[in-house]
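We just call them A, B, C and D in the order they show up, numbering each chain from 1.
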Amino acid sequence: MSPLSLEQVAQHKSPESCWIIIRNKVYDVTEFLQEHPGGAEVILKYAGRDATWVYEPIHPPDALEKNLPPSKHLGPLGLDSARLLDEERQNAKKTKDEIRVEEARRRLPPLSRILSLSDMENVATQILSHRAYAYYASAADDEISSMENARAFTRFFFQARVMRPVATCDPSTTILGFKSAIPIFVSGAALAKLGHPNGEINITKGAFNEGIIQMVSSNASLSPTAIMQASDQTQPLFFQLYKHRDDDIAERRVREIETLGYKAIFLTVDAIVAGNRERDIRSPWVLDEQDNGPVYYQPESVGTKTIEVNIFGTAGALIANDDRDMTWEKTIPWLRRISRLPIVIKGIQCVQDAILAAEAGVDGILISNHGGRQLDYSLPPMETLYALRRQRPEVFDQLEVYIDGGVRRGTDVVKAVCLGARAVGLGRPFLYAQSAYGEAGVSKLVQILRREIVTAMQLVGASSVNDLLPEMIQRVDWQTPYAKL
Amino acid sequence: MSPLSLEQVAQHKSPESCWIIIRNKVYDVTEFLQEHPGGAEVILKYAGRDATWVYEPIHPPDALEKNLPPSKHLGPLGLDSARLLDEERQNAKKTKDEIRVEEARRRLPPLSRILSLSDMENVATQILSHRAYAYYASAADDEISSMENARAFTRFFFQARVMRPVATCDPSTTILGFKSAIPIFVSGAALAKLGHPNGEINITKGAFNEGIIQMVSSNASLSPTAIMQASDQTQPLFFQLYKHRDDDIAERRVREIETLGYKAIFLTVDAIVAGNRERDIRSPWVLDEQDNGPVYYQPESVGTKTIEVNIFGTAGALIANDDRDMTWEKTIPWLRRISRLPIVIKGIQCVQDAILAAEAGVDGILISNHGGRQLDYSLPPMETLYALRRQRPEVFDQLEVYIDGGVRRGTDVVKAVCLGARAVGLGRPFLYAQSAYGEAGVSKLVQILRREIVTAMQLVGASSVNDLLPEMIQRVDWQTPYAKL
Amino acid sequence: MSPLSLEQVAQHKSPESCWIIIRNKVYDVTEFLQEHPGGAEVILKYAGRDATWVYEPIHPPDALEKNLPPSKHLGPLGLDSARLLDEERQNAKKTKDEIRVEEARRRLPPLSRILSLSDMENVATQILSHRAYAYYASAADDEISSMENARAFTRFFFQARVMRPVATCDPSTTILGFKSAIPIFVSGAALAKLGHPNGEINITKGAFNEGIIQMVSSNASLSPTAIMQASDQTQPLFFQLYKHRDDDIAERRVREIETLGYKAIFLTVDAIVAGNRERDIRSPWVLDEQDNGPVYYQPESVGTKTIEVNIFGTAGALIANDDRDMTWEKTIPWLRRISRLPIVIKGIQCVQDAILAAEAGVDGILISNHGGRQLDYSLPPMETLYALRRQRPEVFDQLEVYIDGGVRRGTDVVKAVCLGARAVGLGRPFLYAQSAYGEAGVSKLVQILRREIVTAMQLVGASSVNDLLPEMIQRVDWQTPYAKL
Amino acid sequence: MSPLSLEQVAQHKSPESCWIIIRNKVYDVTEFLQEHPGGAEVILKYAGRDATWVYEPIHPPDALEKNLPPSKHLGPLGLDSARLLDEERQNAKKTKDEIRVEEARRRLPPLSRILSLSDMENVATQILSHRAYAYYASAADDEISSMENARAFTRFFFQARVMRPVATCDPSTTILGFKSAIPIFVSGAALAKLGHPNGEINITKGAFNEGIIQMVSSNASLSPTAIMQASDQTQPLFFQLYKHRDDDIAERRVREIETLGYKAIFLTVDAIVAGNRERDIRSPWVLDEQDNGPVYYQPESVGTKTIEVNIFGTAGALIANDDRDMTWEKTIPWLRRISRLPIVIKGIQCVQDAILAAEAGVDGILISNHGGRQLDYSLPPMETLYALRRQRPEVFDQLEVYIDGGVRRGTDVVKAVCLGARAVGLGRPFLYAQSAYGEAGVSKLVQILRREIVTAMQLVGASSVNDLLPEMIQRVDWQTPYAKL
């Protein structure tokens, strides 16, 4: 393949012939336009041009190579063109947001001054690009479930026990049989490269350092292979599966995952359609206004029957091809048939479905409303856990129960474990930590939680997770207004 | 009739002889003064002068023609006088509020940036005149019921079901047998011309575009005839009846409505006297102060026995002649006798009256407190719906149940439908949408709700409205502080 | 008695010989110092000087004359001295607070713009002197009960009934057999002269104008005689009795009241000791700081055993001689023996005492916590009323039940009447109204409430107070954050 | 021992040889480094230098002398060196915080203007050094329990009784048989010298003046001996014991305490490990930033396995050697064996442990969560007291029950006594009072509470603490938003 020039590429900027440049390589994506989960429009915006900077942070590096037949790999950009592109990039005027981020990153506080997950989040809100923060923080509609997930924990108080020997206190547990230093795990945090160039691998390494388990998202900005390669040989990794609507494609994915060495499948059932994440949708408009000022209404021609508006958030499209017709009867047996891995259903939101999951014989359930990013006013997982404990305690003997959503303190973890959760997942906090400090931030995060968990365990009178019992928890009938959530 | 001059008209400015000019025509309203629902005083303020600008936004164009005998139509203004009047209007100094509105209208955002009903309302608060916004937004006393109507929805969370086939999801339903694309309808939004020159017709056309049904108010700023003429032949329209205290007048109205082709009667029973809407009452004072500065107290002569103050809000007078002695025993049979249209009682506010309505054999009830504009501390409709579902579920089999008040999100609609509401009415949001963007705004509003409803249905595990069930809803014992209401 | 000079008076400025000037008359109060309910200290501050301006607003004009033997009336000030005093008064530098009040009084809005009790209170906060507002508004400790009194009403919603004939609606009732135009009365509002020179008589006249009943306080700034004289012959007045600890003095007081023509005795039992009203106590310090700047700590000599600080609020002393040993067994029979007037116990704060009152055979109880001015965290009267209705409904048949505290809207009144209150008392609102607008303000206040009450009655479906029933009220399990209290 | 020079001392600034100067005496602390409860690091920061100013406010003066063998007392500083040191101290540039405190102390209001504990706290927040306030005010994690302790009282209202003889009212009680003028005591307030040079002795003397009892903390900044010596011979003092992990050391401590004349032992069981007090931990960073500006992140070398950060709050280390393996079976009998003093368990946090304490035969329990400084989300003591009263009333007959945490008003005390508390402890308020006004502040504090308690008792209808009964309290189902906490 002979090198191509910018001028050549520039001629292919229409739906009829659409070329784009990624990392100085040229691809013909004309036929792929209709298949792109994010829609053709997004690609066409960069037709005939370099698209590296928008492609990189949200795709595994090999995504395009894997999805395009070799014949569409048109070859490298010529040296002169590459140099020209490079100059362009360097001379490009920085956006106000880029300038803000650069400045904020220079003022990053020392890691030793990060005392809590809330400190970590505060730092992240400073140093993240508007786009990244909007994607990470955004949630469905009015973000009620997202915020109530955290607030739910503030209704649970401890009936702490005293005069118990707790000088030695072991916070470790197992998850699906795999050792975990403390009862937490990384819950499906995707698009980590939006916040840090190393992306999800920061989390993988930090998790190994601290002895906890990472559940890797289908939507990670790095491929499952890349993440597995970056992991330690002895380190268990779980996989968060978004099942493709085509069973064959889905089966290939599952087999690939098992072959790669992932140790469990967390089947995601709470994100079969895109949640309405307005903060994320608004993000490009905000950035545009910052640099170019506001835009105003031009009256549409009256009489138009429908005024369709295309709405794409950063990740709305990630699940465009997911299976929206999964059922207990069909999907679980199919998955059991094609894989020997333990199966956990991620996204249980009420007691009744927890019972169905137990009847379906899965190995675990992750009570989750996807961090409030899908259905607003879905019940907070901590409340669902509490309801399950009160209404159907036997379920805790039939499978492992986890929750995620809103966990910000060691006491949150201890409360959930008291009520029967085997472990508790965290998502956004890991994204914030790795965005600000990379791998070191991830380690710090776990260390903070470890210290908080051990302190809380000792002060409630528990020397191991087995000592944490439902009677140590009282759900109160008031609501603290003091919590910083 | 020979043309009249401004000077001639100006001589008739007393209660004894009172002429006014509307759209360059002169009317003798001396005898009508006492019959004017809004009181004589309001008219006398413009005696001998042009009153077009205050008349237009709150009356159907033909209101005066219909109410005055032909002999009182004194004829057109002379050309010179008309031209003079026109010049005066154009030279009239703009009020601060008019200047503010013009400026805000220039800064109207593109419709594509309106993501939610809350966005739409925010825009409307910018571009509406103070008077219009005061009329639309105002509610009784401290506006508690108005605000609690919306807040009530925040106490209802979803117990979402997963692993159900929802790839295809149909949000349509029927209302009194008429097809509705989604389970919402336009609930009695009046005086639309205050916000947009096309008035209620914006809503009629937008509703048709999107396949939903409009309930037209007796107090619309356009006549039922005009609205019907603007509608599509295939489009069902409902009529919100304020029954006149005189049964004969009321009967003529009902027969006219039926003849015009309206498909159902929503008999309004929650607005038999005027609510105390202080924001609306204060509106002219605020405007006056903006332009002319504050006014101060002049001590009244002591000893005066009573100090009566006349209080008229924009719409207080609209119902001055309404029937305040309606009863189940008398009014329903009367209405059945004179009309074959389905009857819905609009304004049920407790379980006991819902039962009485079912016993009276009406076709439906609209649980409503008139958007909180009538009796402050009337229970939010969503709470009354919930109480009805728990206490008397059989009522839902005896008639169709609707609610209105405070609906702002697709999830609100889905919650109400889960509890048994056939459909949910919205009023103010339609007024805001048509005020800002005319017909296109109305379409946009329905599209937003449609998207939100479908997403919520899929995420709770429903592929049609029949799948929405009470057990999917949990009323929680906490209150979210996060909702932007 | 020969006229006295300022120089002569000035020589008597010690506890051994203490003269003061009130309205240009000289009094020897040396022997009275120890008897003064407000303490000697307050008087000594003005020993040998004019004390008119501090005396007037908080004492009935004849208080001194009645309490001092004639021999201590030393006679008038000489003409020159009187003129000198007058000049001094006029040349006295105004305090910052006086200047603020004068300015605010000039900006008083027209009475026609006062739409609600909240408007009236807002005006009053502008035009009242700091001292008057501090006295009127202050309440015990953290003022929780004071504020919760009002907030309690926001937990009671209406189950409004429709389709009932309410075209004619009569809000009148009787209290102890006396006609009242609406179910409200003036509840023991004292020291009215602090806000307006006419004092309580403004209320007396306004109440007569509007057909409601005034309960006159023992602590009024006008004597019971003066108020009775200012009243209409046909006008019933009630008397709020603070029983003196000396039964003989108390008996004389009761007989005087009965002779004067008062129609009932409201025996005050919730104010036997002074409440801790910090706002009131702080008031002189605030004023002093405004004009003279802050004061700083001078270390006390260490070793002092106790550091007693004398704390007197404006009214703390008013009840210094009241009976703190009243009992059901002793006090009620005593009062029955000396008076034929109906007896109402003012200050019932729980169900159990309501029952004891019924057993003691009194004619009525006023459930009250003294506007929250006495015991902070005493239950709001509306809550106690609700508890009484639920726990002991028969008590409502045994005596008349009233409540006061926190009533600000017609709906508040209607709610209380629904639960069984015969009438509802208001105190502070009358003080605010008369302070701002004198008698006209009082009339306006009642007219506002009348309009609100009638509207609410019609909208809940009641044409008379007898139609107001407990089932029209629902106590809700949420709390509105919107109420402006 | 010959005098030493600054130069000589300066040469011993390493872990191998570490000398420090305290009050112009030189000590060799090399061997003590590892034993220091606060860690070696803190000492090494001052190795070879004067450490008086950091040592003084948080250690009893004799702490070092007692802990170091005589051979390590190297002798006094030479006169010239002492003078030099003195000059250095006086010439040292004041920190911004020191300047702020000096200024604020000059503006201290007169004690007579302090009306409430809240006034006292407000003053203290002005005049305390940042470090002192951070230590006093800080609490665990998000300080929820700390704030909820106080807020809990706002859910308890009075059902006040009237018509009861209360002219004479005696608020006194006994605690473990010792007379207390009012039902409060000083609860373990430590490190008083941080706020005032006289330290805990201010409290001792003020408590004696006002007739209440002080519980002296193991962590006081004065020794138990010094405090006992400063006390009146007739004054009972209690001792708050932090049991050393070494039973022999602990026994010596107990015997010493008993010999000194302390009258009871409050065994602390809620602080066996350090709470996570972030405000306290952050304190030195805040001060450093004030004077020297912010510090920024220097990326750590990637690959480091763990990034341990040493976290020491002012007091975190105070309990480093405490016994974390206490049990009912072992510790109570041990304590009974070595001491005849009454035993109270301080730190009961749930009903179940209150029962175990009664079964263990101790003399009292102090329901406490350590002012919220240990386990965040530990239940507020007032709620635990209420639960104990409802679930196990017999426990109140088996031992004396006290609570502490969040008490700020006389009504708080009266509420707790109504529910069965024998007395109520206060900690922070005493620290604030003595910091601002020394002994006089402590007296004032008790006088305020005494006045508030007596007023509340009279107004609920109680003439002695025995008249305070559970039925006078109602726990309400709403939460006041008005309390200033």
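Operating definition for what follows: contacts are C-beta pairs under 8 Å (C-beta built on N, C-alpha and C of every residue); 3 or more make two chains touch, one makes a residue touch a chain.
These are the chains along with the protein names UniProt gives them: A, B, C, D = L-lactate dehydrogenase (cytochrome).
Please read all numbers here as calculations on a predicted model, not as lab measurements.
*Asks:* If you apply the touch rule, which chains end up adjacent to both subunit B and subunit D?
*Replies:* Intersection of subunit B and subunit D contact lists gives A, C.
*Asks:* How much rotation, in degrees rounded to the nearest 5, is required to superimpose subunit C onto subunit D on the basis of Cα coordinates?
*Replies:* About 90 degrees of rotation relates the two copies.
*Asks:* Do the two copies subunit B and subunit C share over half of their interface residue numbers, or under half; same or different?
*Replies:* Counting which numbers both chains contribute, under half are shared, so the two copies meet through different residues.
*Asks:* Could you please state the distance in Å, as a whole number, between where the Cα atoms of subunit A are centred and where those of subunit D are centred?
*Replies:* Computed from C-alpha means, the inter-chain centre distance equals 45 Å.
*Asks:* Take the average of all CA coordinates in subunit A, do the same for subunit C, and state the distance between these two points in whole angstrom.
*Replies:* About 63 Å, centre to centre.
*Asks:* What residues in subunit C touch two or more of the other chains?
*Replies:* Counting only residues that touch two or more other chains, subunit C contributes 477, 479, 481.
*Asks:* With chains as vertices joined when they touch, what's the shape: line, ring, star, complete or other?
*Replies:* Shape of the chain contacts: a ring, since each chain touches exactly two and the loop closes.
*Asks:* Pairwise, which chains touch?
*Replies:* Pairs of chains that touch one another: A-B, A-D, B-C, C-D.
*Asks:* Note which residues of subunit D are touching subunit A in the complex, please.
*Replies:* Per the touch definition, subunit D meets subunit A at residues 141-144, 147-148, 151, 155, 245, 269-270, 272-276, 278, 281-282, 285, 294-300, 302, 304-309, 311, 324-328, 331, 345, 347-353, 356, 369, 374-379, 383, 477, 479, 481.
*Asks:* Within the complex, which stretch of subunit A touches subunit D?
*Replies:* Interface residues on subunit A, with respect to subunit D: 106-113, 115-116, 118, 154, 156-167, 209-210, 409, 411, 415, 437-440, 443-444, 447, 451-452, 455-456, 458-460, 471, 474, 476-484.
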